[in-house]
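Here you go, one structure.
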Amino acid sequence: MTQTIRIINPNSNAAVTDSMSAALDPLRRNGGPSLDCVTLADGPFGIESEADSIRVAPLLADWMREDNEADAFVIACYSDPGLHMCREATDRPVFGIAECALATALTRGGTFGVISILANSVARHRRHLQERLLHPRCAGDRPLGLSVAEVEGGADTFARMKKVGAQLRDEDGAEVIIMGCAGMARHRAPLEASLGIPVIDPTQAAACIAIGTLAVAV
Amino acid sequence: MTQTIRIINPNSNAAVTDSMSAALDPLRRNGGPSLDCVTLADGPFGIESEADSIRVAPLLADWMREDNEADAFVIACYSDPGLHMCREATDRPVFGIAECALATALTRGGTFGVISILANSVARHRRHLQERLLHPRCAGDRPLGLSVAEVEGGADTFARMKKVGAQLRDEDGAEVIIMGCAGMARHRAPLEASLGIPVIDPTQAAACIAIGTLAVAV
Amino acid sequence: MTQTIRIINPNSNAAVTDSMSAALDPLRRNGGPSLDCVTLADGPFGIESEADSIRVAPLLADWMREDNEADAFVIACYSDPGLHMCREATDRPVFGIAECALATALTRGGTFGVISILANSVARHRRHLQERLLHPRCAGDRPLGLSVAEVEGGADTFARMKKVGAQLRDEDGAEVIIMGCAGMARHRAPLEASLGIPVIDPTQAAACIAIGTLAVAV
Amino acid sequence: MTQTIRIINPNSNAAVTDSMSAALDPLRRNGGPSLDCVTLADGPFGIESEADSIRVAPLLADWMREDNEADAFVIACYSDPGLHMCREATDRPVFGIAECALATALTRGGTFGVISILANSVARHRRHLQERLLHPRCAGDRPLGLSVAEVEGGADTFARMKKVGAQLRDEDGAEVIIMGCAGMARHRAPLEASLGIPVIDPTQAAACIAIGTLAVAV
Amino acid sequence: MTQTIRIINPNSNAAVTDSMSAALDPLRRNGGPSLDCVTLADGPFGIESEADSIRVAPLLADWMREDNEADAFVIACYSDPGLHMCREATDRPVFGIAECALATALTRGGTFGVISILANSVARHRRHLQERLLHPRCAGDRPLGLSVAEVEGGADTFARMKKVGAQLRDEDGAEVIIMGCAGMARHRAPLEASLGIPVIDPTQAAACIAIGTLAVAV
Amino acid sequence: MTQTIRIINPNSNAAVTDSMSAALDPLRRNGGPSLDCVTLADGPFGIESEADSIRVAPLLADWMREDNEADAFVIACYSDPGLHMCREATDRPVFGIAECALATALTRGGTFGVISILANSVARHRRHLQERLLHPRCAGDRPLGLSVAEVEGGADTFARMKKVGAQLRDEDGAEVIIMGCAGMARHRAPLEASLGIPVIDPTQAAACIAIGTLAVAV
């Protein structure tokens, strides 16, 4: 029977869901787990504050409690909202895309840099990094100055990402770049080509670790 | 065209290669990357010392330099032999299974424990952990007192793994267990069932991260 | 005009509020700030999980947004629920009693130990400690195995606290003890007498730091 | 009976004592502990070196040994001279204002910056920070280039403090400012107003923690 | 002209001076620096507290200021009393034997253990270790329960050192042993023979680093 | 009988061997250990990559296994190639000059800076620093942009070292400078004179620690 990895976009911006889902296409295989991206209809249009992050947590936990079909869950927002609450709510594996992106970045170079959406994301990310004791590997975290919706749909998102990515690489010494928002998914390949160093899409990173978690030989 | 992830067992024990390859079966999909496990014929029968680890490094780098077909490489030994030498030798991504197992463990719990093969593995692992600054997340590293070959083929390997795993969980506080040898691959599912906490097979962990690295939408 | 420090017990157990308020009596002075302890009527009867901690966060932020009278706020639960959300919600100072207890403990000895309520508190506390990078100063965190209500009203609470406190001091090397629940407030003096090392009541610790924050000479 | 917190200015500059005492006025309350600031007549005119710091230590310990009236002591110099020697000399609580300022800063933001008096203070502070393992929270430590006496009485002290405080905030990323000398006490409110982030007066910070330490309900 | 390294025993126990001087004999060579061990006549009979450590600091600084002949100084007490005050007092190199022993231990193994004299030494050592950020390499610090004089002259000193050294090696995992008192010097060789792991005599360690510092080719 | 410390230059550039040997002259004494510098004839002309570092490791271990005369060994290359492999190969003490230089630097100041040869040395050094957990003491590591041979024989080596050393001191805050290549040995004295802060020659540092290790009174 096909396994299901439920990937929940906790904001209600379906364009973000579509974008991250498209980026997962190369990971979808016949016989492999379903990588099912869904939108949390009651979430805010973007998760851009600690308040947004906390308000969606119970919605995510409720979803997981009621979703009997999924074999694993991915919380597809770079703030990893509700990660520990959801892990209390279900015995099935729950992944946060930020945590998985950080973990993946550790395998690609000695230091990483994060492209964030807004200036206020940086202190929130720092708390999460420190909570995981991964801060010594972080070379920098720089914001684009764009909301989630602007990141997803804005005309100059990629130009800004290139500029900020180059600053992380050249001024901060980052050897790997993490795209710090699920809405940046489609820019991974061109950004990698432009910067010449590995670029991590957090939703892909989480999907792969989830796939491995379910990969138990029968 | 199919992508190839070359997974090199740097010891010459083909039973270990077979065992790790079997554990990757659930990750093999039509259209997905080939997960091609090969044996380094000139490697020692087990990598059980710093000397073993260093002696195989140039062999691995030579392989990668000559292998024009692979899209990414995995060094399938928990000592990550030659990891940085290989990264100098090729521009294609190179993964060490220990590094990938550690990264993956970070996404499954707050602390991890490592089941090692021999007592002398522990100091080597500690140096690698510290080099990556992940030592604050390690609850313990305990040896089985078995060589690679004994781990692979021994009758009481699983019994010992259960005992050591329980010590890591109960005495050291590990929330996740890493199987610290590619030859332990087949024990993941029963060990997870026995211990009731996540168990990481390092070769699976590396294969998944490698798959994600190659997963660029076209 | 009198300054007001609003000290919010985020659980709905009024006996806990009364107990913490009594412990603040020695800090109440004519002309000094009002130390006004209130109960969050809609909170759970005890905050004993990540879920409890997250669910009260918006209630606390709402309170602060609507409370125009208070000059500073104290969140009187050792999980510091909603601390960063509340700091987004108001420009007035917001204190968490755990954060203040940790800070205060640093001034009384080289290492501290925490008496927690339940086994599941320990991992939550560890995340908070690490987020603040204070974990290297923590000698141990040991649970009583009691709920908030049992801690507050239980007959053998003090006996258990003495036992756990002695373990933290003797086995873990703690030089200072933090009482890890607002409901333990009345036991500070006898516990200090029994153990012979400093004991921190987190609500007192936070009230004092809040008083200092408001103490600007006119 | 009234409790007494003896706050000892270890330098012999009475103007510094007066200045810190004035800053404690908002913390003095009927029925509350006496916050009694005294000058160490035999101390140097300013503590501006390791030598100064060591030479006053025995004088402070002698004072505490002979002072039977005080319930707690505060060493009111940002070098915390003789802190551990004094703690050996008396069983009553002894606080260092630097240690208390650091602790208090941790409750107001993620990182702090220190305004020091002289360039040679910085290495001394770094040793103290590291001894306490709080260095990862320090964003910067910048000197004014003024002696203690100049800080206390100089015409342009505040102008320099504003400039250095802004550098700590803007270039180093400090979210909280610690005034690194007891003689800066009167500048807390205007500096806070100017910089828009919390400013810690170390003597106030220590007085508040000392008050809490003595606040045992009867 | 012969160089002089002045090695100052800051306690007034001449037997300790003789003992450390004897241990330096294998380092004394024709044409090499004079390793001149002197006794601080006004020092306490043993440095066994923070107070002792602070009280000798000015005496050491005075000595160095007045000693025009020495090319470098060693403070031969494992508390490194007055190290930073002495470095202020002279431009010539000043070494602390604890700091040099710690540094040397780092070159002999992954972790070290310290044999201390008294229980109260341990917290003092911990502060010094943390100040140098070397605490992550320390496996343990265990006291003999002997004063300096008892260590020097006691009949069962070596028996206790063997026992404590074995505990550090076997229970704490120390790979190198530091003898935490200058008065233990004569036990290095037999202790190394007994334990089978490297043993560091701190005075020897400092003398060697001092010799290297002066070794500038002409 | 004279003791022998075999100091092996793992590159085949005899000029480097001569240069380091000359720098050891002030440490050679009648009756003292022989400081015998030898060239690894089969080594590369310079060790300038991870590959070079790994390829010489077995040669070094073989040498030590066959060399029955030496009492201790020094691996005289700042990459410490084969350090742990050699320690497996012999029970006699083996020192790496980088490890010894780092240890020695800790005794001369609070922070150190490293003058490296090539840009690609920096990441390799960072891994070694982190493996030893000494990275928090490193203020900076800056390359000259010269190969080993150019460092040894180049006309402007010293001019570049002065410039890079001044940057480490002034921009990075290094209080001690480590010369990060055995071929820089002759520049220690003039560089120290030019910069006004301690300069460590790693081969001297290792020789001194090796001398101390062998200095057991008979």
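As written, the chain order gives the labels A, B, C, D, E and F, with residue 1 at the start of each chain.
As a convention for this text, a contact is a pair of C-beta atoms (placed from the backbone, for glycine too) under 8 Å apart; a residue touches a chain by one contact, two chains touch by 3 or more.
Computed from a prediction, not measured in an experiment: that's the story for all the values here.
Peer 1: Thinking of A-C, which of B-F, B-E or C-D forms a repeat of its interface, with over half the contact pairs identical?
Peer 2: B-F
Peer 1: In whole angstrom, how far does the Cα centroid of chain A sit from the Cα centroid of chain F?
Peer 2: Measuring from centre to centre gives 44 Å for this pair.
Peer 1: On a C-alpha centroid basis, what's the spacing between chain D and chain E, in Å?
Peer 2: The mean C-alpha positions of chain D and chain E differ by 33 Å.
Peer 1: In whole angstrom, how far does the Cα centroid of chain B sit from the Cα centroid of chain D?
Peer 2: 53
Peer 1: Could you say which residues in chain C touch two or more other chains, in rising order?
Peer 2: 127, 132-133, 136 - these are the residues of chain C that touch more than one other chain.
Peer 1: Chains as vertices, touching pairs as edges: which of line, ring, star, complete or other describes this one?
Peer 2: Graph shape, chains as nodes and touching pairs as edges: none of the named types, so other.
Peer 1: Of all possible chain pairs, which ones touch?
Peer 2: A-B, A-C, A-D, A-F, B-C, B-E, B-F, C-D, C-E, D-E, D-F, E-F
Peer 1: Quick one: which bits of chain E touch chain C in the complex? Just the residue numbers, please.
Peer 2: 123, 126-127, 135
Peer 1: Please give the residue numbers of chain E that touch chain D in the complex, ascending.
Peer 2: Listed in rising order, the residues of chain E that touch chain D are 49-51, 54-55, 57-58, 61, 82, 84-85, 87-89, 124, 127-128, 130-133.
Peer 1: In the complex formed with chain F, which residues of chain A make contact?
Peer 2: For chain A paired with chain F, touching residues are 110, 136, 175.
Peer 1: Give every residue of chain F touching chain E within the complex, in rising order.
Peer 2: 22-27, 29-32, 93, 95-96, 99-100, 102-104, 106-108, 132-134, 136-137, 186, 188-189, 192, 198, 204-209, 211-218
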